[in-house]
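For clarity, chains are labelled A, B, C and D in written order, and residue numbers in each chain start from 1.
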Amino acid sequence: MNTFGKIFRISIFGESHGSHVGITIDNCPAGLPLKFEEFTAELDRRRSGSKGTTPRREADLPRIISGVFEDHTTGAPITIIFENTNTRSRDYTELRNTPRPGHADFVALKKYGGFEDYRGGGHFSGRLTLGIVAAGVIAKKLILPTSVSSRILELGGNKNLEEAVDKAVERNDSIGGIIECTAAQMPVGIGEPFFNSLESVLSHMIFSIPAIKGIEFGSGFAAARMWGSDHNDKLDSIEGHTLTNHAGGINGGISNGNDLVFRVVVKPTSSTAQKQHTINIRSGEMVDLQIEGRHDTCIALRIPVVVEAATALVLVDLMMQEQRIGRIWKG
Amino acid sequence: MNTFGKIFRISIFGESHGSHVGITIDNCPAGLPLKFEEFTAELDRRRSGSKGTTPRREADLPRIISGVFEDHTTGAPITIIFENTNTRSRDYTELRNTPRPGHADFVALKKYGGFEDYRGGGHFSGRLTLGIVAAGVIAKKLILPTSVSSRILELGGNKNLEEAVDKAVERNDSIGGIIECTAAQMPVGIGEPFFNSLESVLSHMIFSIPAIKGIEFGSGFAAARMWGSDHNDKLDSIEGHTLTNHAGGINGGISNGNDLVFRVVVKPTSSTAQKQHTINIRSGEMVDLQIEGRHDTCIALRIPVVVEAATALVLVDLMMQEQRIGRIWKG
Amino acid sequence: MNTFGKIFRISIFGESHGSHVGITIDNCPAGLPLKFEEFTAELDRRRSGSKGTTPRREADLPRIISGVFEDHTTGAPITIIFENTNTRSRDYTELRNTPRPGHADFVALKKYGGFEDYRGGGHFSGRLTLGIVAAGVIAKKLILPTSVSSRILELGGNKNLEEAVDKAVERNDSIGGIIECTAAQMPVGIGEPFFNSLESVLSHMIFSIPAIKGIEFGSGFAAARMWGSDHNDKLDSIEGHTLTNHAGGINGGISNGNDLVFRVVVKPTSSTAQKQHTINIRSGEMVDLQIEGRHDTCIALRIPVVVEAATALVLVDLMMQEQRIGRIWKG
Amino acid sequence: MNTFGKIFRISIFGESHGSHVGITIDNCPAGLPLKFEEFTAELDRRRSGSKGTTPRREADLPRIISGVFEDHTTGAPITIIFENTNTRSRDYTELRNTPRPGHADFVALKKYGGFEDYRGGGHFSGRLTLGIVAAGVIAKKLILPTSVSSRILELGGNKNLEEAVDKAVERNDSIGGIIECTAAQMPVGIGEPFFNSLESVLSHMIFSIPAIKGIEFGSGFAAARMWGSDHNDKLDSIEGHTLTNHAGGINGGISNGNDLVFRVVVKPTSSTAQKQHTINIRSGEMVDLQIEGRHDTCIALRIPVVVEAATALVLVDLMMQEQRIGRIWKG
């Protein structure tokens, strides 16, 4: 079930060390202007290269093989593929019998009976988020004037982000962090009661991003310590504006016109340079494992653009359900 | 979109002050023994009556109108309805133009153009969770030996739960809390990579429950302050057991055989006895609002059984996808 | 999977001899005026009573238990139930081991392991179409000015319909027929290429109606004997009007603005008064079977209104996908 | 909505004159042996080249870019792409304002506002069925021992198929035909009552194939002239075998273990060498149209393998729903 969305639907495919990863976007409105260059900035935000990120670097050039004609979307499915050029399979083959702690190696082996492509995490690789970021570029254009942004609040428990990364690199270990995402200029009425509440659909999508282990909307977990009379946001305009935003812009599962605000936690990267214990699942022996592959000290550094893309993808789908975005795009 | 699930599918309907609320469960395996009395205990856990809960009391007798024959499920859709007997419509009509802070009144008015049934929250009412609890009774039987339990960790920031409720009642205000849910005896392999990760599907469902504003799996937000080498759970058996459970029983979106553990935050009940400001959306004037209806000081007291039901419903659907539960039930 | 539709979704439930049959309609636009009396005419068209139909008669009074408030739809799910008042269980119990030819008895037994409600066809009963007809009343209002009508072209191979029924009654046997359905004032653009072609979605729904075994659009099977130059409908207006309508109003899976026209074949009623051979599935012996229950000589007489309802339900869903019907109804 | 299936899901993409067409298959069981060469025979059956088919020839080499590793499926999505090598865009540009009779040109222009890729039918092209045939190769292996076959019953009303094609070529016109498809060794219990009846799901898929305008199961339209006592198939074994097969292997929407049998009508190819009338939708003038592109005199010649693939794809999805095919393939 590698598909998300009811009307604006995305499907991802590919493996870390296969020939390509990619995405198909179905039901994108026809007529949206779209050029190759528009993907560059967002894909660059996701790329590695800075301190704290993996030395595996890829060109990450999107190739649009359907659904775009004369620089506009056609209404037919848009498929975008990315070639995997920088693969080093030998890094991973030894790990076959010694599942890496924190990774999907063990569960994949059990679920797919040993037939999974285990190289570099295979289909579980964070590399699959390339397609999500590319689709997010399209989604962000469609939801305008609503705009999605995000920022890292802390890394490794430290609000000085650079310092946090330095310490982790020095310690040969990995760290996680907290990211806050905001959608401004939200219309009222997005989301449904109960099963398709805005929180439901957003969290569904956000937890698709590898390494995310928690989400909270508005005042979130802090609400557990507040009085109702303090937590309730008071309307101060007939358009729905409230003075506070403890609800994170959502009442009864539906956007109330205030900023949509949520925070997610990114766990520390599972691959660390530290030696770790694991078990050899053939022999049953405990072994020491030293992960040799290239990895991110702090994957949280590369996730904000993915969280934004995921958010925009949810919003475009819900806005289309609410008929706020037409089947033929009008700027 | 009042439907949840891919194979084991539930659909809810009804309004707080309409004639009934109810649920239809589609694709329940045939042959599961099911008697009327089996619903009693769980529905009682959801009922009000104790200190901190609303004085609105209902008999909450489930009426099964299809899908069960000679005390067994038939494989056809199971529809269960609950009559609304204790409605007092006059409590709510005055509030039409003065949306209650924290409630869905304002967004419902905008989304449904004034045609929504506004009495007592209408379709947004927590009363709709009756059906979820009833379906949960069935789901809990189907997923055995996996078992779901929950407990309230704190209310109003206080681990002494009774004291917390007393204080809130005294202050005429409302409080929220934090609930932890655990599924024990989980099989390995439940959930899918990316869009149908176990976290994705669970959070989707859990945020369907009114008043929940955050969820975290395993060490959750605390993971943001941990080293990767500490956070990674080390395998110590070839069946997948780990010594720690920072992952909450999930790697790569898939259950790893350890206990599934997550926590949710319940916001303070939006209806409080405190006088609150709001706006008259016709006149634009600021007004003082005193909510007269019957309400819960601490709705979190009634939510654990709903969280468990929601969890069991997700697990039964994913287990059926994984073919761990057959189309004809075998005990 | 007793659910149909992507946006305007219907779910049916119930058994022939259970307490109720019913339907839930999800995502109906808010604000549609709807009164109890509006269901009468269409439900009457479906009722038995005339020559050639079963002597089992029911009041068939719809009870709307959710989603309608002050004579308008609210946007919440609409659940309509019908009590089963005229059940005679003893007619059916003897047939448990001797599956009736042409019926679902044998396949139901195998599929549900003997747990199915076998009384009167149980969940397979044509009585379940009551909900479809009720939902069709709503759908027909929503798709206006598009209007759906149908007529019986022949019964038992005879264009003199009354004569055909007389003969069958006289012979103590059952007959089928051919029904043609037309949707006039169709907009251009309804349906999708490939998997959601208008033919695909319509046929999917139409074959949900018990006893239908074939469907053809436009010139249908006769097209196999035509030249392309004759079959192609020539445009004679820039709005899409064509002089002929061999395509039945559909090109490339999408409505072209001409009348949508299709024909279906209804097989002869499986229950006949004739003595039939079948097998006792316990003993393996061949037995003679005399069906004693009440049944229709010619179920095709009661199906036109069901075909129309099914068609309107498909059209409303596709029109909502195409955003031709809003989320709040405007007359 | 270019996606089909509930568990075994396929999504197609591409345009006739774009860079590629392709398909993604999601939820294919892991562990199925699969080699490149296995696609050759079926893709060859679909290829043009023989008398009566288009002179446009493509190599049609499938490229598997994900989901297969070491010659086995991995459980991750399988994406297969086909390069479009033999495109001649100039054939089509003149036709922009003069919609070809019988084609989707007019409806596509209206539905997609002129942004559709109009070259060679764009996304509506029969070339998209390449992916369906490729997926069918996989589906046919998964459903074994159930096997799907088909044959052309008549072309242009003529049972002498070669003669029919000769006549049409001679006349510079196009013809259609009737194809019968059979699935042998069917298990009992495939399909659901009502909305997911086997007829519903099959017809949904089959009408996705361009040019098909009718379908009938078992005795089909001929049933309208039969007595019920003749039409009813009598059980003559406790495994469900019947002496006749008027039901086409389906009762109550569910397979009964006899051969699944249905017939489809393929309309004459819309592109004919005959001069045709159409309208210039800009000027409103009637014009004579001579289609210059390469086309099939009788597309029905190439459709049997597509019908078989479509059938196998439906069966594999329904068998997985019924848990007759596991999540990990066992030979």
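Here is the rule we go by: contacts are C-beta pairs under 8 Å (C-beta built on N, C-alpha and C of every residue); 3 or more make two chains touch, one makes a residue touch a chain.
What you see is a predicted model; the values in this text were computed from it and never measured.
**Q** Between copies subunit A and subunit B, are the contact residues mostly the same numbers or mostly different, with half as the line?
**A** Shared-number fraction above one half, so same.
**Q** Between chain pairs A-C and A-D, which one is joined by a greater number of C-beta pairs in contact?
**A** A-D
**Q** From the mean C-alpha coordinate of subunit A to that of subunit D, what's the distance rounded to whole Å?
**A** Inter-chain centre distance comes to 36 Å.
**Q** Would you mind pulling out the distance in Å between where the CA atoms of subunit A average out and where those of subunit B do?
**A** 26
**Q** Centre to centre, by mean C-alpha position, how many angstrom separate subunit A and subunit C?
**A** Spacing between the chain centres: roughly 44 Å.
**Q** Taking each residue of subunit D in turn, which ones touch at least two of the other chains?
**A** Residue numbers touching two or more other chains: 1-3, 6, 12, 76, 111, 123, 193, 321, 327.
**Q** If every chain is a node and every touching pair an edge, decide which shape results: line, ring, star, complete or other.
**A** Its topology is that of a complete graph.
**Q** So in the complex, which bits of subunit B are touching subunit C?
**A** So the residues of subunit B touching subunit C come out as 1-3, 9, 11-15, 18-22, 24, 26-27, 30-31, 65-67, 69, 72-79, 81, 111-113, 115-117, 122-123, 327-328.
**Q** Help me check something: in the complex, which residues belonging to subunit C touch subunit A?
**A** 6-7, 76, 193, 321-323, 326-327
**Q** For the complex, which residues does subunit B have touching subunit A?
**A** Within the complex, subunit B contacts subunit A at residues 1-4, 6, 12, 99, 101-104, 106-108, 110-111, 123-124, 128, 154-157, 168, 171, 173-178, 188-189, 192-197, 199-201, 203-205, 207-208, 210, 212-221, 223-229, 231-238, 240, 242, 246-248, 251-256, 265-272, 274, 276-279, 281, 284, 286, 321.
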